[in-house]
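Structure first, commentary second.
As written, the chain order gives the labels A, B, C and D, with residue 1 at the start of each chain.
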Amino acid sequence: MSSDHSKATHPHARRTQATNETRLRVRYAETDQMGVVYHSNHLIWFEVGRVELMRQMGFSYRDMEREEGLFIAVAEATCRYRAPIFYDQEVVVRTRLKQVRESVIIFSYELVGANDGALLAEGETTHIVTDSSMKVAALPGKYLHAFRAAIGK
Amino acid sequence: MSSDHSKATHPHARRTQATNETRLRVRYAETDQMGVVYHSNHLIWFEVGRVELMRQMGFSYRDMEREEGLFIAVAEATCRYRAPIFYDQEVVVRTRLKQVRESVIIFSYELVGANDGALLAEGETTHIVTDSSMKVAALPGKYLHAFRAAIGK
Amino acid sequence: MSSDHSKATHPHARRTQATNETRLRVRYAETDQMGVVYHSNHLIWFEVGRVELMRQMGFSYRDMEREEGLFIAVAEATCRYRAPIFYDQEVVVRTRLKQVRESVIIFSYELVGANDGALLAEGETTHIVTDSSMKVAALPGKYLHAFRAAIGK
Amino acid sequence: MSSDHSKATHPHARRTQATNETRLRVRYAETDQMGVVYHSNHLIWFEVGRVELMRQMGFSYRDMEREEGLFIAVAEATCRYRAPIFYDQEVVVRTRLKQVRESVIIFSYELVGANDGALLAEGETTHIVTDSSMKVAALPGKYLHAFRAAIGK
């Protein structure tokens, strides 16, 4: 489901921002009576992209929750809807890391048509790293390192 | 949101099966491109009804999870769709307790139009009582008592 | 489900911005494994509030779609998550009209705890009025009038 | 996303029941606070499998709706939950055609773990073929033929 666009073999990899492209197909349940995808599903797809970007960066968000007791909670989400998305359409979620600090991570997203590359929506989510009691926490070194590498720094 | 049809003042209350009627309004997000409610939402509404029946029986399912560490996990669910349900329609979820044993609870449901009483769907869910590690557990006395009273025994 | 806070009897009603407060209870299906409401549900609740505000303004969005062939499509949505929202919690969706032009409508929202009034989330959605083929359309006079009255102009 | 297990090259293909296996990964939004997949999502996954089985059979359900004005509406759905399904787990939806008549189609499903093949859930959905006004309709010859071939008759 996930295309790996890692630039690991590129000599300037360190300076290149990681991008993940994950493809999904619109489910019937995601449409509404307007005949298009209901607008809250875009946030769910952003999450699919975000998780695949982290997998591409070398770790699993599931394990980060399970093993470290750390959560990447959503603090803010924005989506701009550029074109209707239809049932059974194949959509690419293009996810990039926009900013990372010890306890704050910002991702940006584009949804594009898999066939024609048309821009369907774009958005951004801001996250706070928390522990299991929802208190702000700092990303441990190994994650921070992976995030910084992914942003090209 | 919940109509209380408790028969507490009725002299034969002990023998009368409790019924809960909870009213909800169809959300846009619950429709699909067929112009009707997508069929998995009925199971979510059954849960709304089931939780309100428990509240009517005298306890909160939330507290049962929190304070007792007990869960009522779904083991089987069936729904028969009798008529399409439309956006913005008001629907009554009529929930009854069908059977209760120490570790097994069966609820039955009817979805009816709030205005015309037309039968829209009916179904049944079978639940297993579990502890937080998903092992089968027995309902503590106070809950078992409430469930038995609700089924009219 | 909807508290009517219409200021119709107030002498300066025309200058007062309409606010709708609609109460809902968090469903189990709306939680995620972090133990809180999953963040895309807030957009669904915003829609519940928006539809109730329109009903309070004197018309039904359902009929607007059915009878006029007009849709209020979402062009942009933003949500800022202020506090976790928990299962079974009662939440008030407070909806206001922020701006209205012939083909653009902006709503703002606050989600607050029904018991303590605590701010849980706030957001904004921008909508384009379209016809059934997704082309931009102008709000007919009677709706534009209602929207302008609601914004206090 | 869909593994094609068509037996088209097999000499007894006509007598072999078609099976589709489609793989999906559990989304965070699909979990609930019990830490497992919420039980209504299984029905959505059944639909994903059903649509992929039809694609494997040689046609797209989307086009059947669009071009023929025919719908495969759900009349009954049942799911038996055999084991909890967890976030980020890869699940195979195994879909078979169980019965087909001119206006009634029955599909059966198994959800199995992609790694260990463990049975996670099984179910069945019964569908009525309808026209766009929800009246019962007969499957046109070309679809009926494809369905009968898929059931091995």
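Methods note: a residue touches a chain if its C-beta (ideal position, glycine included) is under 8 Å from a C-beta of that chain, and two chains touch if they have at least 3 such contacts.
In this text, all values refer to a predicted model and were calculated from it rather than measured experimentally.
Shared contact partners of subunit A and subunit B, listed by label: C, D.
Compared on C-beta pairs in contact, B-D and B-C come out with B-D as the pair having more. The distance from the centre of subunit B to the centre of subunit C, with each centre set as the mean of the Cα atoms, comes to 29 Å. Separation between the centroids of subunit C and subunit D, computed from CA atoms only, is 36 Å.
Shared interface positions of subunit A, i.e. residues touching 2 or more other chains, are given as 28-29, 33-34, 40, 44, 87. Within the complex, the subunit A residues that touch subunit C are 33-34, 39-41, 43-44, 65, 71, 73-81, 84, 134. Residue ranges of subunit B in contact with subunit A, taken from their complex: 28-29, 31-36, 38, 40, 87.
In the complex of the two chains, the subunit D residues touching subunit A come out as 1, 24-25, 27-29, 44, 47-48, 51, 60-62, 87-88.
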